[in-house]
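Multiple structures are listed underneath, in structure tokens.
In what comes next, subunit A is part of two complexes: it sits with subunit B in the first one and with subunit C in the second one.
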Partner chain A sequence: MRRFSWLVPTIYILFLMLPIYWLVSMSFKTTNEILGSFTLWPQQFTLANYRVILTDPTWYMGYVNSLIYVTLNTVLSVGAALPAAYAFSRYRFLGDKHLFFWLLTNRMAPAAVFALPFFQLYSAVGLFDTHLAVALAHTLFNIPLAVWILEGFMSGVPKQLDDTAYVDGYSFPRFFVRIFIPTIASGIGVAAFFCFMFSWVELLLAKTLTAVAAKPIAATMTKTASSSGYELGLLAAAGTLTIIPGAIVIYFVRNYIAKGFALGRV
Partner chain B sequence: MNKTVNHKAWFFVLPVLLLVAFNAIVPLITVVNYSVQETFGDNVFFWSGITWFEDVLQSPRFHAALGRQLAFTFTILVIEVPLGVAIALAMPRKGIWVSVCLVLMAMPLLIPWNVVGAMWNIFALPEIGLLGKTLNSLGFDYNYTRQPGAAWFTLVMMDVWHWTSLVVLLAYAGLVSIPDAYYQAARIDGASPFAIFRYIQLPKMKRVLTIAILLRFMDSFNIYTEPSVLTGGGPGNSTTLLSIDLVKIALGQFDLGPAAAMSLVYFLVILLMSWIFYTLMTRNEEN
Partner chain C sequence: MTLELRNVSKKVAGDDWIYPIDLVLESGRFNMLLGTTLAGKTTLMHLMAGLEKPTEGEIWFKGADVTGVPVQARNVSMVYQQFINYPNMSVFDNIASPLRVAGESRDEIKRRVGEMAELLRISAMLDRRPSELSGGQQQRTAMARALVKDSELILLDEPLANLDFKLREELRDELPRIFADRDCVIVYATTEPSEALLLGGFTAALDKGRLVDSGPTGSIYRHPANITSARVFSEPPMNTARVTKSGERVTWTDGVNWPAGGDLPDGEYTFGIRPHYVLPFRKSENAVPIEGQIVVAELSGSESMVHFEVFGNDWGSLSHGVHPFETGATATLYAEPEHGMYFDADGRLVGATGLAG
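Up next, the complex of A and B:
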């Protein structure tokens, strides 16, 4: 039985790749070919769709905007979550359990519920249509997740490490930066990966909080789909390009994920 | 681990608290504010008490959307959790194939949700999509834009495609944390593969699986973008899940009062269910 177990992941990966293949192959087809006939691979191979996206600033700025707010959000979420996760993993304090659950409840809040109030809130404080607005809004669901993941990793580190460092004369901030953070580096990698992921894939809030200057690529795509008829080839090319940053991030954190999950208490 | 009591730890939590409170409390107050008022436009509001809540709780439309939502969440949990565990069990533990599997499996997780919807929309089109065309040439009458059954099938397939990998990654993380000595001991005792799974692997995966189930539960209850791009809630209302209905009312018809009341009821339903999960999980941990 063990000998054939490689079949299961192989079939699963094949199932995962089929829709992606279809999207990529469509991005190299002309609109006529897509609508006119059913072809398994591009018969008239064309790069025209990609040329449109990479030369038109309304398109490629979408990618830049998305990357800016996603990075900003990852830094904010992990940065704020680090001390909080440390507090939850090391200390008991008034209302700690309730606070932890309250944080988690924000992970449960449906974005659809908050879309309109978010628009009013960020307009009122003058942040509407900035990268910071989207990055801040996404902390709503990323901070709870980051605290949750980091707390798991930190609880896996024995408290003796802290005590030894104090005996050796380390001050708290120096201990935290020099010793503690390197110890849970893989945990930070995993947390950052999840923050990147959830911020990169979210559309509803990102679209609500931006108009022109910080418009994410996903919003540009929905607009094209509705305004200029249904240019499937262009849409497919834009979709294909949104897969690339994610793929790069996964490639870099692949070892952290395998190792990181194993080390942490998760 | 025994923790020391230290109330100054609040200072560590403060940045998180401020950020989340800014994002959570102010909008929540806005929603509560709308939910008890009536407006006829021009920013003039009247106190309306709990009428909107009564309307929502009695409306067949809300009941139908909630029913569909529960059916959807239940279906995907029943498929994704066992499937994810099975795949994690069959995955290699060492060597280059681990990285290959992890990288390829994580792909769907990092595709923006509207692209996932658009991708499946194209993939399942009966005339020009690979899935739709294949099913139709095999003799199935399949058209998800017209048949509610086909729309549900596509929606569930899409979610399984999109999120099973999350369960796989978490379950796999739990599996690799089991020391080899456990397996050696089991082999000496002559344990069957099922016994190994039941008494070694499953208990070790319990914590990660709870996280996986909680995350999948919360996220599938909040799902909006993918189904709205894939089917737009149609055909008819057959795939109109809670959040799609909510956005239709709030932004489509601009009925702020009813939409806000519905939001709160919706949020409370998720909160209640997650609280039950959470207490069950922490109680098990303490025992």
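Up next, the complex of A and C:
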């Protein structure tokens, strides 16, 4: 029995890696090879798909657009959630618990519910097809999430730390920036990670609120499928490149996420 | 230097946390706040520091009303029971932080942090993070930070409570040396009567948000103003009994009575006696034998603490040495009523036979 204990995890990991392998492998094949025959690895290895993506603005601007609004959204969400989470963790006020829970209910409606009102609203105020439009739309889901995560980390910091800082002579803003934020840095990392991830993978709102100037990569990918037949190699390459930013971010916060799970907030 | 509370009270969400208190605390001695958990020690300290505003009353310091002055402008230091340090800073930066906020020069900061680290014996740890220190060292860091600026008011909120026994003894022995030659008002909160007796020049006993007694520590211990103060200042808890005095004798129940000298008027009293005056052997000729049933016996290496039930009361006996007791058995214990106290129906101390006679 002991001798086969490696077997189950190995099968599991193979199972998990298979679609990713298939995607990466496809990205190095020509569309003809993909459609023509069943091959386990590229028979005619090509970088042409990547070349197209990295040289054609309609492709690479998709990544740029996505990165811009995702970053904008992460900054906005965490920036707004920090003071809110501090209030929830440190003060008691009328209806605080209800409000805290109500924040989460924002996440319970599917994004499609908000697509139409947002489209109408942003068109009316001239925000349509801007990075800010998508970033703002995503804060609807991300601020509650960030508040929820940060509140957990902040409540893990004893109130006496605040008092000690005031006694030492720190003003509130100075304490918040110099002592409190560094103390919950891992929480901010986790919150930022989840904001980034949600905004990166969200397609519906991003696609509805943009046309050309701020079109996200995911929208570009779905359109290309219909323009000149199937360009499966190109799509696979785009897909591979789309996985990379998430993989990089998750690598940096992997240790903190465990802490977030331990606090029951992730 | 004097800190004065004038009729200070605190209500939180309609509940009384601190009932009106008048208290004068002087510099040059340990001012002990003695009380159990939730007695209001921390809240009172927050009021003294200016971290919270009193609902009513005024706080005067050095002859000036400081009630509305924010904590940052007050020159106060505080050490908490939990080892509170800034986790993102090294020990050096932790100790230096009040000086940095005050805008001291680099050399001055270096000199004073070095001095403090020396005094608290943490010079070797200055480059470490607080999380890399033992509990005792973390608390020494917090204390160094509190002492590095020339505070006029230093608040120590159960600073030794979270340390293990040995470290607690060690740091407690050092406290008088650490605070020697400081011109400031020191307030020290503790739940342990023994700590108050070891350190204290002055004690204020608190119970459920009320100041029940205050005065020089020794006299509060020997002559508590009332039964609540006596209870607060007794660990293990004081034994009590309803007794009647008539003529020359005090009677508990049939067959248990003792002579009462002095000028205690006849009547009903609550008699209180500390557990170390109830012994499992006859020490003095005047000791009164009391029969009771053993409930629990806690034998440590050097002391025996026995709880026994006597006429429906739960009494404790604390004696040196190890004495064998069998749970459930009947045993005779010897109380020494000359060390007892008598409280009237309102709980006020009216006399102790030892005092009167």
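Details
In this text, the second predicted complex is superposed on the first by the 245 of 266 C-alpha atoms of A that agree within 3 Å, B and C clash if a C-alpha of one lies under 4 Å from a C-alpha of the other, contacts with A are read in each partner's own complex, and residues count from 1 in each chain.
The rule we apply is simple: a contact is a pair of C-beta atoms (placed from the backbone, for glycine too) under 8 Å apart; a residue touches a chain by one contact, two chains touch by 3 or more.
Because the structure is a prediction, the values reported are computed rather than measured.
Using the contact criterion defined above for the overlaid structures, shared-chain residue A:Asn106 touches subunit B, although it does not reach subunit C.
Residue contacts after overlaying the shared chain place A:Phe118 against subunit B, while subunit C stays out of touching range. Once the two complexes are overlaid on the shared chain, A:Ser171 sits against subunit C while remaining clear of subunit B.
When the two structures are aligned on the shared chain, A:Leu161 is found in touch with subunit C, with no touch to subunit B. When both complexes are overlaid on chain A, the residue A:Pro9 reaches subunit B alone and has no touch with subunit C. Counted by residues of subunit A touched, the larger count belongs to B, out of subunit B and subunit C.
Common to the subunit B and subunit C interfaces on subunit A are residues 92. The part of subunit A that touches subunit C in the complex is made up of residues 92, 158, 160-161, 163-171, 174, 179, 182-183, 185.
Against subunit A, the residues of subunit C that register as touching in their complex are 13, 46, 49, 51, 71-72, 76-78, 80, 82, 84, 86-89, 97-98, 101-102, 142, 145, 149. The touching residues of subunit B, counted against subunit A in their complex, run 1, 3-10, 12-13, 15-17, 19-20, 22-24, 26-28, 30-31, 86-87, 89-92, 97-99, 101-115, 118-120, 122-123, 127-131, 133, 161, 164-165, 168-170, 172-174, 176-177, 193, 207-208, 211, 218, 221-222, 224-225, 229, 242-243, 246-247, 250-251, 256, 263, 266-267, 270-271, 274-275, 278.
Per the touch definition, subunit A reaches subunit B in the complex via residues 1, 5-9, 12-13, 15-20, 22-23, 26, 34-35, 38, 40, 76, 79-81, 83-84, 86-94, 96, 99, 101, 103-118, 120-121, 136-137, 139-140, 143-144, 147-148, 155, 159, 197, 200-204, 217-218, 221-222, 225, 232, 235-236, 239, 242-243, 245-247, 249-251, 254-255, 257-258, 260-266.
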